[in-house]
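Shared between the two complexes below is chain A, which has chain B as its partner in the first and chain C in the second.
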Partner chain A sequence: MNKAAAYLPGSEIQRVQSGAVWVGISGFSLCLLGAYWNRVQFFHSYLFAFLFWTGIALGCLAIMMLHHLTAGAWGMVIRRLLESGSKTLALMAFLFVPLIFGLRSIYSWTQPIQLPSQQLEYLNIPFFIARAALYFLIWLWIVYLLGRWSQEQERGEGSRLLRKMRLLSGPGLVLYGLTASFAAIDWIMSLEPHWYSTIFGLLVIGGQVLSAMAFVIVALVLLAARQPLVGIVQPRHFHDLGKLLLAFVMIWAYLAFSQLLIIWSGNLTEEIPWYLHRWQGGWLWIGILLIVFHFALPFFLLLSRDLKRSGKTLAILAMFLLLMRAMDLFWLVVPGFSPERFRIHWMDVAASIGVGGLWLAFFIWQLKKRSLLPVGDPQLPPALERTHE
Partner chain B sequence: MPKARTKSPIYGLLAEFDTPAALLVAAGHVREKGYRRMDAYTPFPVEGLAALLGFRYTRVPLITLIGGIFGGLAGYALQYWISAVNYPINVGGRPLHSWPSFIPVTFELSILGAALAAVLGMLALNGLPMPYHPVFHIPRFALASRDRFFLCIESSDSKFDRQETRHFLESLGPRDISDVPY
Partner chain C sequence: MDGPITPQAAERRRPPVIQPGQTYATVTDKISSIVLVRPTTPGWLAGFLVSFALVMLLFYAIAYLLVAGVGIWGVNIPVGWGFAIVNFVWWIGIGHAGTLISAILLLLNQQWRTSINRFAEAMTLFAVACAGLFPLLHLGRPWFFYWLLPYPNAMGVWPQFRSPLVWDVFAVTTYFTVSLIFWFVGLIPDLATLRDRAKKRSSRILYGILAMGWRGSALHWHRYQTAYLLLAGLATPLVVSVHTVVSFDFAVGILPGWHSTIFPPYFVAGAIYSGFAMVLTLAIPLRAVYGLEGFITMRHLENMAKVMLATGWIVAYGYVMENFMAWYSGNTYEGFTAWNRIAGPYGPAYWALILCNVLLPQLLWLKRVRTSVPALFVLALVINVGMWLERFVIVITSLHRDFLPSSWGMYSPTRWDWATLFGSIGLFVALLFLFIRFLPMISIFEMRELVSESPAGD
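Up next is the complex of A and B:
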């Protein structure tokens, strides 16, 4: 009995993958051309693109471990998407290398500036690179183990492997929380090295998980409309994913507002410049747009049961949220380069599309290798049962 | 409805079935015939029954939303009135109307308003707690919590006619039919 073959993706996915490769290569070529004229801008744009797509990959890893710990039908239908998404971390580790050559163009602490000496013991190029290598090693190690056990499931012994995956996912989530926080501090917060916020790591993690959930919903809706998944994914699955999307929108808003409230209440000269940089010259408008379109609008729309149960409307909203995620990340990163003056460069867009194309191609490459549903998992049959509501 | 009361001095007709399948078939026929005001009583949820009984969306979500908005507005207004109007205090030179510090309480009161509205709205719409219901007059109705399945066509239905409806119910093969007095 080979059930695995029954859920292999159709041939259409091949075309999408080739398209993604070409988009990726075109975007990269454009950026390399731009780098010839404006090296500094290239690295700024590339950092943004790298952070956005790495965020989706990390969010996939976090949701996957969350599901191994908690179970539920919602996670069974997106398990392969989460696995493929987290496997793109291998690509992102490779794409981190160009950043090493641009650290001096990106981070002000690489230049002789006024910083406490203890801070410079942490913020220096060798240690920065060593830490990044450690983060990727930890992430890839978890991805490798979970991926291998998931593959073994297809050959039987599903429940024993479930236990192994659960045992790794608990400590794995703790490791993810620590490494992703430190990565957020290293890669984003240190852009403005005088500033610090203890909630910042969580804020970035919340954004990563939201990005990943939005991406996975879009991908699932596209796949569910085609063979072999037609009629398999039910409204109740979309309903659950929509509820999680709403929860993640609220967590993001809660963390983003908490940071503002704490810094605003403290009113300290070390802390408030970060917001002052984002309070004028056009950045304020981005902030207001974020409140309205990253929180208020999706929040009220996601309250609707009908919207969550229809894959199509949910996917449109998820797509919109992905755009808002990019805008939020832009608002976190770019004012570090251009405080008090809004600026967007064509290379910001080209780099995001370039990295995104390669990312998507890698994602599809991983996805098409195996069945679209985790067939060996004993939790799958009950997850696909038609239940009365 | 006083008019319906004079026309048919009973609450409705209660038919008793042995199996959930028989109840489902009967409910389907009753719905096809055009009856709308009816209810079923079963020991456990029966799949597909809700659709046949014409369950529609309730207004509880709307009431909850209104309760939430009202709670939030009230929470914000209370803080504004306290901090800026009734007892203004200068805190570290911040404006009296410092909206960021009002948000947590506004949020909490939105939740409180929504939760209270949801519970009270649900109780108001479903009429619980209900210590008295006409079907309690039928002694056999106690079996509804054991192994029997009941379908009640209420006399407030515009198609209800004591004789005709009883004949129609009999044609569906129930175990028993009872008049339910008020």
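Up next is the complex of A and C:
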């Protein structure tokens, strides 16, 4: 038990949390002020902020289940970060509520427009809310069970609980894949209700996992430089996390390219408008920046072994990738409101910072409650062993 | 991802990748004796003869095809792509597991790949060879196959570079070449072992030529390891790229049922799914007949079962998304195609594929099934059939209902279609029979490495 106490985060983290709360509240207040003048813009900005931070939380959940299934040392050092990250889904469920009041400002299908009858069966306010509730219920249920077992691990019986977590993670990943895909269809794809793409769910999932990995790397590097983790996280851990980051960058690029090539070559009136909306009026530049900075640059940098093994350089790149993730999500979401005309509103930034502040505060609140390493897990000692390389 | 970072303490909890009690000598003796000492058994001979008879059937079918033309097959407008494309996609998919095991699992330091990589690579080569036959035969005039390649010619004709069919030519030839080199380079140290242990002069000369002067010096090993890792790096993107290009053959067109953005990842997952099913189909009888249970352990079989479960779910996800979008989009043609697959004249094939690819493999969630050899063997066969049916459903149902009802048609394979399919299976099996008779089916030197690293081996 004293081992668990030895890995409790330092007092510094308290200050960061209070700071995050204040940033969150100021961001929110600014947005509320903005909402007074421009209600519609507020909801557009809020949706973007909500999607970005929910994406990180969901990505944490997915990586955590992947780790329970594969049991690598890389996952042991980020386990608590993943747990705390996925627990923020409770906050995001709460922050979904304001969206309910803005659905009419956000989704064109809430207005009487010409839509096929099937879509009206699927895209209507009651069903939309019911589905969102179902997604959050499923996610929170998985998060709750895995969190409880992880807590019980500290009271002994590590291996039995390990088995339980593994047994839940398999079906859990299946459930996550399906719910996250349909959430992507509901929340993002339906912004342009005439458009459809079968890969879209996977594309959004790929983005979520990449965002979460980048976030977790930044957090780990910050924590690893301070007590109690000084000297515990080793270059080989960063190396493995860096490899995974590279893999997720490549998966994202693969999925994005597949969708683009197939829709571009088909050039069908049902599909191509979605790209045309993102092809003109300044959006094209964002697309080109994404190719260069979301794929090419990180891809080539991450090939370097030295860069991956040094926590500092890896964290800088991960931070940059997190920004690129925001840009990619912006490019997916905002042209739905403003096709063929690039625009960014101050509330987009304020809402992201506002939601982000609260999210981070909630994350730290969860993180500081427990030791920074899963001390009850029998896999921890081998994962921290010093190996000669 | 556990290999490099989970030290041996964690490794000991699991079933071993190599049975305790094996030493350098037992490994070398056991594997090399299958090739050098063990006489040709009646069982081998019978199996080889049956598969060779099928190869003769294939040659007969091809000869008649060359004389009479593709009209002997069931293809006709509107179904211009029949068994040839179905079989091509099926075979090329099967090859993917070999490359995944040999390249990606090597880079991930997964030690359990060692005993299955050699014959999985051989399987890749033979599967790609079978796959390559079909588009060539489907050309109609296969002797002009070189027109597919871009070269300056007197006719001033170039291939259409925007066509994924041309990308396929490059993808498949690259795949075959890299797989062949990778396999051969991996064989060199073992060929030298065979050369040194062979009793007959003729085998010594043959294996000696193939071993390319391998002496096992430190320098040789150093260069060997560099080359092998580089080749693994080269082969890795091929696992994804080849089947992605195959999926583009369908998705880049605008036919409902083919033009779907999920196709690339869903085809790649399907390829790995069917490939692992084929590895199991081959590994289970091989380890029983040649007594290799000490090398291909339950842990291998269980790991492969898990890979099948995971990739099977990606494939199932593909079916869900295709059907959902067909409904959600409200697109008449998409909706009709999806409904026609489910309830049209080829409905039974669709439901059989759902049974084989989605429903039955759910048994793999149970550890009892994953560790039961007969159950795994049956499931692997079921998945092989299911993945063939999937390609059949994709190719045929999208074509047989044209946009104009007056152009609708049905496709039924002729006996020549079946003869070519079974003939290609015969070719595949016959090549495998020759492989296990003349080359070590498990990498001897990599198994020796495992012996030195595993605590049980000392």
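To be clear about the criterion, the second predicted complex is superposed on the first by the 388 of 389 C-alpha atoms of A that agree within 3 Å, B and C clash if a C-alpha of one lies under 4 Å from a C-alpha of the other, contacts with A are read in each partner's own complex, and residues count from 1 in each chain.
Going forward, contacts are C-beta pairs under 8 Å (C-beta built on N, C-alpha and C of every residue); 3 or more make two chains touch, one makes a residue touch a chain.
Being a predicted model, the structure only gives us computed values, none of them experimental.
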Combined model on chain A where chain B meets chain C, clash or fit: clash
Partner chain(s) touched by A:265 [first = chain B, second = chain C, both, neither]: both
Touching partner for A:177 - first (chain B), second (chain C), both, neither: second
Chain B versus chain C as contact partner of A:101, first or second or both or neither: neither
Contacts of A:122 with chain B and chain C, given as first, second, both or neither: second
Partner chain in contact with A:141 - chain B first, chain C second, else both or neither: neither
Most chain A residues touched (candidates chain B, chain C): C
Shared chain A surface residues [contacts with chain B and with chain C]: 261, 265
For the chain C and chain A complex, residues of the former touching the latter: 1-2, 4-7, 9-10, 162, 240, 244, 248, 251-254, 259-265, 309, 313, 317-318, 320-322, 325, 327-331, 365
Residue ranges of chain A touching chain B (in the complex, touch as defined): 257, 260-261, 264-265, 267, 303, 305, 388
List of chain A residues in touch with chain C within their complex: 70-74, 115-119, 122, 170-171, 174, 177-178, 181, 185, 196-202, 236-237, 240, 244, 254-255, 258-259, 261-263, 265-266, 268, 270, 379, 381-383, 385, 387
List of chain B residues in touch with chain A within their complex: 45, 47-48, 61, 65, 92, 94, 100-101, 103-104
